[in-house]
Structures are given as C-alpha cells and as structure tokens.
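Take a look at the structures listed below.
Next, two complexes with subunit A in common: one pairs it with subunit B, the other with subunit C.
The block that comes next holds the complex of A and B.
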C-alpha cells in the first residue's frame, strides 16, 4: 500500500474541511431559497396538503404502534423498579414524564428520519436522476419552491404533531399495562401523573424539542436528496446519510436541549 | 442583440470548467432564428454541457450566453425562471413527471403558468398530443409508455406553451427506426409550422444532418467547424472529416490516453 506523506495528509484534511464548509454553505442557501424564495406557482397550499398526507399521515401507523409498545415497556420496567421501593403508584408519573420530555420527541424523530426522511431523500434523488428537477426548471418552475418547500413545511408541521400522538398513545399503552395488567390503582396512576406533569416544563419543552428535531431532520432529508449524485449508488448513499446524520443530529441536539431546559444552569 | 436579431441564441467567448478540467475554452456559437441548428460532436465532448449553458442550468466561468438578447449570467434567479418560459427542452430521458399521467404531464406548464379554463387546457393538450401522434395515450402513466413514446409526450409538453426556442438533447438515442423516423419528421415539422428556433444536440450524424439547416461540430474544448451539412461533408479539416465520415482512426483517438499496452499487460495488477 502507498504511504501517505504528512504533507499529503494535511492537504487531504484541509480538502475535507473545505468540502464540509462548502456543503454547509450550500445547504443553508438551499434552505433559505426554498423557504423564502419567490414562488413561481400559485398552488402551494395544495402541494403542502399532498405532502402532509405523504409525510405525516403515512407515518401515523409506525408512530402509533411504536408509541403503544414503548409506553407498555416503560410501564412494565418502571413498575418492576418502583415496586422495589414500594412506589409502584408513581408509574404513571414516570411513564408520562419520560414520554413527554424525552422519548416522545426523540423516538418520533428517529422513526420519522427512518420512514419519511429516507423516503424524501430517495424521492427527490430519483427526481434528480431522471431529470425531473431539471425538467421543472426548464418549464420555468423553481424546483426548490415546487418540490422542496412543500416537503420541508410538511415535515416541520407533521413531526411535532406525530410526537404528541406518540406521547398520548404511549401513555395509553402504559396505563393499559399498569392498570389492567399489573393492578396499579387507576386513581393514583392518573392523579400522580396530573400532579407531577407541568404544562410549561414538560409538555411545552417536549413540543419545542420536536419542533427543533422536525426542522433538522427534514432539512437534512431534502438537502441530501437534492444534493446527491444522480446515480443509483448516489441515491443509496444519500438515503443512508439522511438516516445516519439525522439520527446523530437528533441525539446530539437532544442532549443540548435537555441541558438547556432541565439542566438548572 | 434585440428580439429582431438574426440570432436567437449567442455564445460569446464562453469558457466552462469542471474542477480543473476545461470543457470549453473561448467558444463562439450563433444559433440562427427560425432554423434547425445541430450541435454535434463525439460522446463526452460537452454537448449536453453546452445545452445546459444555453438553458442556464450551468453558468459559464467566462463569457456571455445571450438568449433573445438577455445575458443569462447577469439575470437573477427569478428572471431566469421567467426567461425559461420562452424555451422548451426535450431531455434525453423525456423526464416526464412519474406521478402524473400523460394528460397531466402535458397540461402541467399550462396549469402553472396560465389561468386558462379547464376546457381550453383540455383542447390545447389534445391538440399537442395529436401533433405527436399520442392523443390515444392520454390516460396512460409514464411507466406504461415505451422510450420513444415518452420522448414524444415530453415533446408535446415542451411545445405546449408555444416556446420560441426548442432544445433537443440527444433525441435519437435508443430509438427504433420507426420512432427515429417519426422524431426526425416531427422536429422539422414543428420548427416550420410553429416558426420556432430548434437546437438539436446529438451525435447521430445522418439524422441530424438530414434536418439541420446549420451545423456546429464541437470537440476538444473548441468549435471544430460550422456550416451547412453539405459544407461540413466537404470540409478539409481532418477532425471534421473523421467525425462526418465516422472513421475510428484519425486526429480524434479511439483510445483514452493510457500507458503502453504491452507494458500494461505484462505488469499485472
């Protein structure tokens, strides 16, 4: 194998840095043009509704099923731990706080990246490789406004709603296990939850988290599709990047947001 | 250049680079208004890049690209999209929108750029589809069409707004003889009937020469030659002669530059 000189390594490192900055710059310009550029068609609302269905409604099944199961598992695990301290009546509080503060926004964002995010990247990448984006531009329609913007807004709107649905069905799943299966008294399950969950501290912070995640995940997904190499391999790489980058971004941002919201600095 | 200029498209001193590699160096091309102009050259010489420069999908690193008097590199993004309404492009793959049927594909430019009533849109779409012989395929989806049919639907979509300039990217590639004949006839017919300027980017010599009023041969970052098909056939330039006669050996090498063949075989991997 050829040896790489120190100078060559420095050069490669510098090249990678320049490429990274270039990609970041392109992605910011892309986002600003898509959100604030001049619209060349008048049917933006219709396009948004179509994308809300494809991005949001079509993700409902996976969100609801995952939410129910995660709520049920939380309840089971929580009960067995809390029972050691004789506090099993607090299982409702634990399930609700865990879902509203953390698992609702985070797991929804991860599932959204895997289902809707990868689909967005593949769809836009495929449009690019089959020259449909170029074709739109040649018809005098800006693909950033016609294709990208409705998908971005659909992601921004639908993910926080999906995160709320996730938390609600998760709490329902948790209550089912705790009350109907493990025999926790129904009154204390709900009363503990009501007493300990604060709207501003827990519900609102969870919603803020999911708005931030929605922004980042959808941005990554549509940009990867738009910027990908227009080949089968390029689309496949872009789809993988969407899931990996979006997941890492969500987990990293979750730590930062949690520290800011609940860190008591 | 005004709208009355004899040239619909002008490239003046255009250079274009991909990374460090020159694709075009100081190229001058003048596309006459109302004629069919062929841009020809061997594969990989930058013909499609030239098309994308004319359509302002790419910007030159140097020089002017003027379409109907407008210098494209100096236009804003919004002005570029407005300018493109005067232009139709037929892509090599057809580039039909896969989620729309044939009718909606052709109606798309009308729906986004006009406020025409539905009955009128229907009539215009059917007329354009009739012109390309596919009125009967109006309800089919793109994946139900053959390659040649896709290109004809794309052609109907490209002319639906009655553009002043129509650009064809390799329209003859992968066509069977019947579809090829239909396309050749259509390009000439549409040009004469609609009075538009047609630019055919292709490496199919016989078909392009049979319909073009004027030809440019590009290669090696330059315009190698220009003239009517008859003039180019009689050219003394060895590069043009090699291309027009389709001979494998000549100034344009068949082989990509490589090390000595014998040494390469004996060296192993």
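The block that comes next holds the complex of A and C.
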C-alpha cells in the first residue's frame, strides 16, 4: 500500500472543500436562473399543470393514508397516557397541536421527498443521460425554463397544500378514534382543541414550516437530477442523495424553525 | 381530452388544499371571521398563578368569554386580568365575584364568575372588585406545616 504524504491528504481535503463549495454555488445559480430567468417559448401554465398533477395529485393517496393512521395512533397513545391523569378530553388538543406544529409539515416533507422528490431526480437525470436536455438547448429551448422551472413551482405549491390536507385528515382520524372508539365526549374534544390552538401561532407557523420544507426538498431533488453524472449509476446515486439530503435537511431545519417559532427566547 | 382530466385533477387538488386550510382555521383553531361581539372587563387578583392568556371565563360552568391579557399593576402589585366577555351576557351585576378555579386536580386554571345582587351592571371597561385568588398548593402545604409545628409547641 502506498503511503500518502501529509501534504497529499491536505490537498485531498482542500479538493473536497472546493467541490462542495462549487456544488453549492452551482445549485444557487441553477435555482435563480430557473426561477427568475427570461421565460422561453411554450405554454408555461400547461407545463405547470402537468407537473402539479404528477407531483401533487399523485402524492395525495400516500399523504391521506399515512395522515389518517398517524392521527389515529396519536389519539390512541395520547389517550392511554392522559387517562392516567384523568384528563382524556385533552387528547384533541394534543393531536391537533402535534399535527399542526410538527408532524404535518415534517412527515409530509419526508413522504414527499421519498414519493415525488426521488421521481423528479430520476426523471431529470434520465433526461440528462439520454441527452434530451442538451437537445432542447440545441433547438433553442432553455431546459431550465422548460423542464426545471415547472417542476420547482409544482413542488413549492403542492407541498404546503399536502401538509394541510395531512393535518386535517390526521385530526379527523384522531377524532374518530377518540370519540367513536375510546368514548371521549365530542363537545370537550373539539372545545379543548379550539381553546388551545391559535390560528396565527400554530396554523400559520405550520404552513410557514411546510413552505420552507417544500422549497428545500424540491430544490435538492431537481438539482440532484440536473447535476447528476449522466450514467445509470450516477442517476441511482443522485436519487439516493436526494432522499438522504432532503430528509436530513428537513429534520435539521425543523429543529431550527421550531426553536425560532416556539422557543420563547 | 387527456389534458382535461389532468386539469380537473389539479383543480380538485387545489380546492382540497384550500378546504383543508379553511377547516384548520375555522374548525381546529376556532377562528371567528368578522367583528367579535365582546366587551372588556377587568379584575385584579392577589395571585393569578397558572392562569394564562386564552384561559376560559365561565359562569355557572358555561363558557362566556376568555382572558385576553394579563399584566402586573405597578401601584397595587396585583395581577390585572383583562377578559373579553360575550356581548350576549351583558347583564352581569357590578358586584359579581371573579375567582380563579382549577379544572380537576391538576387541570388548567380558569376564571369563574358568580353573580352579585346589585342593580347596576358591568359595562365595557368595567372592573370586578370582589376577587378570589388562585389556590397555590405550596402555600397550603406551608400553612399546614406551620399549623402542626405550632400545635407541637403548644403541647
């Protein structure tokens, strides 16, 4: 085995740093050009509708199903703990606050990264490897505007909507378990919830969170596809990276956002 | 034709999102649209421990309003609580009593109002003078201990 000198190691370390900075810089330029660049030919609205369908509507099923189950589990777990203190009517408040503040935005973002983000990366990566992107550029259509921008906007628009649908469906599932199965009195379930959930602090902050997550997840997914090595191996690596980076970014950002919004300092 | 179903799907999706937002706002957070018909009443307590903004104000167990602000009165060193009461209940006698109660043993604190007997009613900006403070468990335990010590000394 050849021994690498100290200088060589420092060089490799520096190289990794430069690569990282280069990727960051490229991704920012990519985002700015896709969002604010001069629009090219083609009906932008039609493209957006198509992407909204494949990114948003197609994710509805997984969001709704997991929302119902998460709401039901929260309700069941919350009930068994709260019942020990004789305050099982607070289960509505617990389910609603957990879903609105944390689980709604975060779980939606994680599911979205797995369901739609990986598909975006694979699709764009495949377009790149089969040289569809460069052919578009060749006939004078900017692929950033024609391919990338509609996907970015579709992600930004659909994820907050999905997060809200997730919360509503979760609360519905929770109320079903609490009221119909565990026998919590319906009036106090809803009244407790309405007393403790504030529109600005809980609902709006949750929506802001999901907008931030939408931005980050979609950006990572589309950029990984656009920047991948144009080989089958490169595409598979980019897809993995999308899911891993997006999930980590969402969880990390969630901590920061929660500290800023609910931290009280 | 295929484009049409696509657009219908997206339209339904957007509508579902908006509907979810409305449900969250109205049903879950209990936001009321438009001017709320309430009036302000003040009350000063020696100790409001545990009472928070948005706590309930009840009368005979029925919720008639909520606490909208809590601050310290600089001159009397008392906690001043601002309540928003329902306009429908505008016939509270001026000598009504406000007390801070607890729901259950460890539950949330709320304000209970008991009716007085005077003819005059509390209007916008009125103050309830007869108040009963929050029950602080530590004080009770302290008093109890002090009592038992005194008894020991007496013996």
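Things to note:
Here is the rule we go by: the second predicted complex is superposed on the first by the 260 of 265 C-alpha atoms of A that agree within 3 Å, B and C clash if a C-alpha of one lies under 4 Å from a C-alpha of the other, contacts with A are read in each partner's own complex, and residues count from 1 in each chain.
Following the convention adopted for this analysis, contacts are C-beta pairs under 8 Å (C-beta built on N, C-alpha and C of every residue); 3 or more make two chains touch, one makes a residue touch a chain.
Note that the coordinates shown come from a computational prediction; the quantities given were computed from them, not determined experimentally.
Legend: residue contacts after superposition of the two complexes on their common chain; A:85 is shown touching subunit C, with no touch to subunit B.
By the touch criterion defined above, A:53 lies against subunit C but remains apart from subunit B after alignment on the C-alpha atoms of chain A. In the superposition on chain A, A:248 contacts neither subunit B nor subunit C.
More residues of subunit A lie in contact with C than with the other chain of the pair subunit B and subunit C.
Contacts of A:37 after superposition: subunit B is touched, whereas subunit C is not reached. In the superposition on chain A, A:16 makes contact with neither subunit B nor subunit C.
When the two structures are aligned on the shared chain, A:171 is found in touch with subunit C, with no touch to subunit B. Legend: residue contacts after superposition of the two complexes on their common chain; A:194 is shown touching subunit C, with no touch to subunit B. Once chain A of one complex is fitted onto chain A of the other, the partner contacts of A:24 are absent, as it touches neither subunit B nor subunit C. Subunit C contributes residues 3, 6-7, 9-10, 12-14, 16-18, 20-21, 23-25, 27-31, 54, 56, 63, 66, 104-107 to its touches with subunit A in the complex. Of all the residues in subunit A, the ones that touch subunit C in their complex are 46, 49-50, 52-53, 56-57, 60, 85-87, 96, 100, 158, 160-162, 164-165, 167-168, 171, 190-191, 193-199, 202-203, 207. Against subunit A, the residues of subunit B that register as touching in their complex are 55, 57, 77-78, 81-85, 87-89, 91-93, 95-98, 108-109, 111-113, 154, 157.
Interface of subunit A with subunit B (complex): residues 33, 37-38, 40-41, 43, 130-132, 134-135, 137-142, 146.
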